[in-house]
Amino acid sequence: MIVDCAAYERGKRKQAELSMRQAGEAAAEEGTFVWLGVVAPSEEEFKAVAAEFGLHELAVEDAVRAHQRPKVESYGDTLHVVVKTAVYVDPEEVIELGEVSIFVASDFVITVRHGNADLAPVRARLEERTDLLEKGPGAVLYAILDHVVDRYLEAAHGFDQDVREVELQVFGEGQNPTERIYKLEREVLEFQAATAPLAEALEELCSGNFAVVPEALHEYFRDVEDHLARVATRIENFRQLLDSALEANLTQVSMRQNEDMRKISAWVAIAVVPTAIAGIYGMNFEHMPELEWSLGYPAVLALIAAVCLFLYWRFKRAGWL
Amino acid sequence: MIVDCAAYERGKRKQAELSMRQAGEAAAEEGTFVWLGVVAPSEEEFKAVAAEFGLHELAVEDAVRAHQRPKVESYGDTLHVVVKTAVYVDPEEVIELGEVSIFVASDFVITVRHGNADLAPVRARLEERTDLLEKGPGAVLYAILDHVVDRYLEAAHGFDQDVREVELQVFGEGQNPTERIYKLEREVLEFQAATAPLAEALEELCSGNFAVVPEALHEYFRDVEDHLARVATRIENFRQLLDSALEANLTQVSMRQNEDMRKISAWVAIAVVPTAIAGIYGMNFEHMPELEWSLGYPAVLALIAAVCLFLYWRFKRAGWL
Amino acid sequence: MIVDCAAYERGKRKQAELSMRQAGEAAAEEGTFVWLGVVAPSEEEFKAVAAEFGLHELAVEDAVRAHQRPKVESYGDTLHVVVKTAVYVDPEEVIELGEVSIFVASDFVITVRHGNADLAPVRARLEERTDLLEKGPGAVLYAILDHVVDRYLEAAHGFDQDVREVELQVFGEGQNPTERIYKLEREVLEFQAATAPLAEALEELCSGNFAVVPEALHEYFRDVEDHLARVATRIENFRQLLDSALEANLTQVSMRQNEDMRKISAWVAIAVVPTAIAGIYGMNFEHMPELEWSLGYPAVLALIAAVCLFLYWRFKRAGWL
Amino acid sequence: MIVDCAAYERGKRKQAELSMRQAGEAAAEEGTFVWLGVVAPSEEEFKAVAAEFGLHELAVEDAVRAHQRPKVESYGDTLHVVVKTAVYVDPEEVIELGEVSIFVASDFVITVRHGNADLAPVRARLEERTDLLEKGPGAVLYAILDHVVDRYLEAAHGFDQDVREVELQVFGEGQNPTERIYKLEREVLEFQAATAPLAEALEELCSGNFAVVPEALHEYFRDVEDHLARVATRIENFRQLLDSALEANLTQVSMRQNEDMRKISAWVAIAVVPTAIAGIYGMNFEHMPELEWSLGYPAVLALIAAVCLFLYWRFKRAGWL
Amino acid sequence: MIVDCAAYERGKRKQAELSMRQAGEAAAEEGTFVWLGVVAPSEEEFKAVAAEFGLHELAVEDAVRAHQRPKVESYGDTLHVVVKTAVYVDPEEVIELGEVSIFVASDFVITVRHGNADLAPVRARLEERTDLLEKGPGAVLYAILDHVVDRYLEAAHGFDQDVREVELQVFGEGQNPTERIYKLEREVLEFQAATAPLAEALEELCSGNFAVVPEALHEYFRDVEDHLARVATRIENFRQLLDSALEANLTQVSMRQNEDMRKISAWVAIAVVPTAIAGIYGMNFEHMPELEWSLGYPAVLALIAAVCLFLYWRFKRAGWL
């Protein structure tokens, strides 16, 4: 589905909306480029676009199917950039991935979006930056990547908060955080798989090998690369922290087991005392002088209570109760 | 055993079937190449093929023996590519590996297959793509690698499902998944060993150093490389997840042990009470007023029941029962 | 907020203090450079500075926002160096990070500081080293980096002491150090993330690609690089040690659990004896000769005491008590 | 001790056996090379060889002392290759390492063997391959390396079987495999240390920098490199598997502990019942109607048996017994 | 403190001892070089040396302060090499580190020693090797590095023995080796940090970029590099082994806990029997025929003994006792 299609000349949007045929013509004009936005196209639909703009068979397949790795590939003069979008959905603690395929040539940009990645705000913000738009289709590529990587930073922030919550669970009382740690680890791995290959792609874009990324934009792409490197470091640290949290959690579980065992043992020891003492005075010897004392019974009850209290006090002092 | 042998000219299959001698002659014709398919040949058999097409002694040994690593090697003008095929057999949760040796020169392709890797569908599909076949023997190499790597993605999908099942076992009730995790880890390692070296081989094929892989096919090989990179990332993630699952499982085992211990202790504590109380009233003191009360016995039974119920309620509330 | 601004000619400070306008003029003089120190500027404030000295839009954004990765970037003739400052706050065992952005061109240095990184002592010390200051703005860059990396060594020293304390806790009696180990690991990771990227930046500065770092200063930057490498090795070792400490701690917890279990069991065994013996003499058989002995009762008490003492002695000898 | 010494011309052995002096002369002849085999020589002995063939002081030291790392070094025109031989001794599950030092120049090969590495079969087999021998001393080097690396594959096979046995022990009943896993890990590490550096050495030999390894032999050395890569992958996998086996084993130990604890607890619970019930009827109340019933005693015995059986059945059903 | 200072000409020591002034003059003579040995100099002392031989400010600082990383740095024509010396002190199981700073130019060598690194034997041995000394100051550098790295091998040998002792402790009876393993790991990390950077330094020395290391000495430095690589592999293996030992130890602790638990439980089960049986015959039913039997009492005692012995035999057979 085509969602927006416009021609840009000297950094300004020329007309409100173009049909695909008009787009092809506008692109052919000197000093003008077209930005065509498509969302989750069918194979049919996108083949028409590909025919109009001369896209490579394999790139078309990639763009329609989604589930690609982030990458930069040049098919002749056309650059094909694939990038994953990521949103961290906090209540479920999952990372939701989308995908944007961007075809960039000297006179057009085609963006194919799958999943959660609204590009309308990117277009709106960019149309206000005439100075950037003047630099041609490469500026559109920059604006999209910048937007996508800023979303990564937000997602990383979401992870950060959940990792801190997990830490509180590990070292606090309460329910067992093992499953949560594991699930977070799974999501972090997925996030890493989606973002890590982009680093290489960005490096290539900064290398000056591609005509559609003019020298004047290199600093902008380098800036995106830098933000991505921050995301990468944070993801790596999440993995380290979750690994350590898993191990710390195991230790805490052992510690708590030990505390429970001590508490249980202490109570058992206290309960064994009356049984043992009562057992002795339950023996049937003929000559047991205490049995005949008139205060024998209360004395023994007092003895039992005294020993139990003494044990309770000792265990309390030793921290077992 | 030769399974199929045909000559191709300008992207079209010339005759239904050739004998090996005819194949050698057909290959010598200008603008024609031969595709000879062999399955698990004996040394004898394959030496005849090698003699006809001038293959190197060492390559022959590799092709007959199987158990090679994936690789690309050039013996003069002939390229020797070895690739592992993989099928994930789900009920047994094992990865079954096969092997395909491909000899590619400007005028012939020889494919030697061991194990589970039927190439007939690849040939059938490729024969419909005249545009690709026109590009020569390199197109055959592409078609096979593309097919093999797509099978890897299917195998990775199979692993994915089993890893998710294992997770349910780790965090759910039921039997001990330790052995299953370990066995999956073993299979993942084997899968990785079979697929990882192919990445380097594919990079070499894209490097433009080999005449049999013309420039026009580079984008196709790059596409295969890309799919392989996705497989590699998933395998790496499986390893990470299984590692974490093993550790999480240990923690869960400890947790469950603790829960059992608490439950056992609670019941022991409840059982100790009647013994202790009964012990006291089993003492033989002469002066124990309660013994003479007419309701002494039912009162003590009630006391015992009350204490037991109280303990039961406390343990229930504390989550030990 | 501008904190200090002065012009330097032939290694000497020319005037006490300049306004920003004067600074721009002074920088334009031959053989003179200006050092402008700014602390946590607002976007407004810093845009004025950027306009005066012609700084790039993206660099300005970085300098104002902080939270950048350490890096070296050249925007035309101007070098933009970002470096993290680190202070280890011992009682809380946290690493406190600040940030310094340094813009270096042939005729000016602008330092933008965020957080804990007083540069006044650096300026004071450098003004006494005429021989270094003569080498131009690059010397200022060196002096700052040298200062920052020396602070890293101090922070590493702080970590070292806490790691040693943690070791004593792991192998001594006392409270559970799991949380402390985990928290230290978190801080070490943050410290590493802040310092590691600087290595690459320093290597670039030594590469001779930047005019503002003259050959004569290479040895000085190499010296800083060397100190940073020492910090990196120590951080890596802290991570290894804390990892091992976490595992050793788990083993110690298990050991202590075992000791507790033995101790508990020994006491339970000792307590079971009187109950069992007393039980036997509490049986109601008509023919139990011992019951009629006049010394039966004291004999049994002595027997109980003897068995208990014997068990106590055995457990003591076996190290269970 | 010199074990065999012969001259080769055009791929054929010239005379049965040469003295060292004769060897030196034969080497000097055009188109002839000498292969001198030495076993564990004394320093004296080997200094004579070194003087005759002009070997470097340091190389001599290496060859006599053994305990070198695998490596390729060129001393002028002479190549010095050191390689470790490995035999897996199965009953003891240890890897036994030997060492072969090979000096290769255009007109001689000197092989110095320490430990378990009989080169006689290599020589015998090579003497039948005139086509290889014709290629000069480099062919001898190839034949030895090929032989050594094939032995590695056998050793890896031996490890494989023991790793599989260990797996059965981890997941089966029976003795504790911890020590065996650890010892295997130690041997795998030693095997890896002995074989890994050879990869780099082989790469150098294939690089075409050494005159004694002619182009025609590159494919042969590449083949050895390939086999070595297979060994390396397997070793790496052994390490991974043994690591996981160690962790899985710990989990199994915990599982079994839990099972034991449940079994013990169940029996204790069953044993506590008669004590508690008997305790109640051992109380001395005057008014306990059951005591006077004529079937009271058998009824209580029946009650005890019933409760015990009920508990036994419940524990059985819950899988605790 | 200057410990030895001599001039060497054509590989021979010229005079017994020189003052520093004489040393400067001797160094200026053609074909002569001076070797000045200093031990732990004060800043004053070493500044005088530096002035005489024209050493760089930063190098002087490094040499006086010690605590540097191993490295090679060239300040103009002067090479500054820093190397750590290591001695393994066995009874304490610690690695003791020292440091040697070596300044090498075409006409002098200055060695600055801190800590445990007596260079007198190096000088003595080298003075007997005229052939090496003839090659100039580079030979002195070689001799020192060779000596230092040989000490590393000795230290590695010391570690090896302690690692083997630790293994015996892990798998044998006796005290808990956790702390010892951890401490060894700490020392290994320190040893690694001290030796690893030297590899890079040695590679640089072999690169042929430095005039003071003539081609004729490359093979000697390569030999040292090789020995260092052996040290590095062994250190890496120690780390792996200690890691595994820590985990194996945890498993052994769990195993032993399980054994203790079984033993304890078996005794408790045996002790519960007399209590339960005696309890039954302690009931006060009027109609308990056994109580009136004249052999009732001995029969019950026999029954108790029989059941206890039966249980003992069963537990013994099951390996719990």
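Chains: A, B, C, D and E, in written order; residue numbering restarts at 1 for each.
Here is the rule we use: contacts are C-beta pairs under 8 Å (C-beta built on N, C-alpha and C of every residue); 3 or more make two chains touch, one makes a residue touch a chain.
Just so we're clear, the structure is a prediction, and the values are computed from it rather than from any experiment.
Colleague: Between chain A and chain D, how many degrees of rotation does a Cα superposition need? Round to steps of 5.
Modeller: 145
Colleague: Have a look at where chain A meets chain C and say same if over half of the interface residue numbers show up on both copies, different if under half do.
Modeller: different
Colleague: Provide the C-alpha centroid distance between chain C and chain E, rounded to the nearest whole angstrom.
Modeller: 25
Colleague: Calculate how many whole Å lie between the centre of chain C and the centre of chain D, each centre taken as the average of the chain's C-alpha atoms.
Modeller: The answer is 41 Å.
Colleague: Got the chain A residues that touch at least 2 other chains?
Modeller: 247, 250, 254, 257, 261, 268, 272, 275, 279, 282-284, 288
Colleague: Sort out for me which residues of chain C touch chain E in the complex.
Modeller: The contact residues of chain C facing chain E are 167, 170-171, 219-220, 222-223, 226, 229-230, 233-234, 237, 240-241, 244-245, 247-248, 250-252, 254-255, 257-258, 261-262, 265, 268-269, 272-273, 275-276, 279-280, 282-288.
Colleague: Given the complex with chain B, which residues does chain A contribute to the contact?
Modeller: 56, 58, 62, 67-69, 71, 73, 75, 176, 178-179, 181-182, 185-186, 189-190, 193, 197, 243, 246-247, 249-250, 253-254, 256-257, 260-261, 264, 267-268, 271-272, 274-275, 278-279, 281-284, 288, 290-297, 300-301, 304
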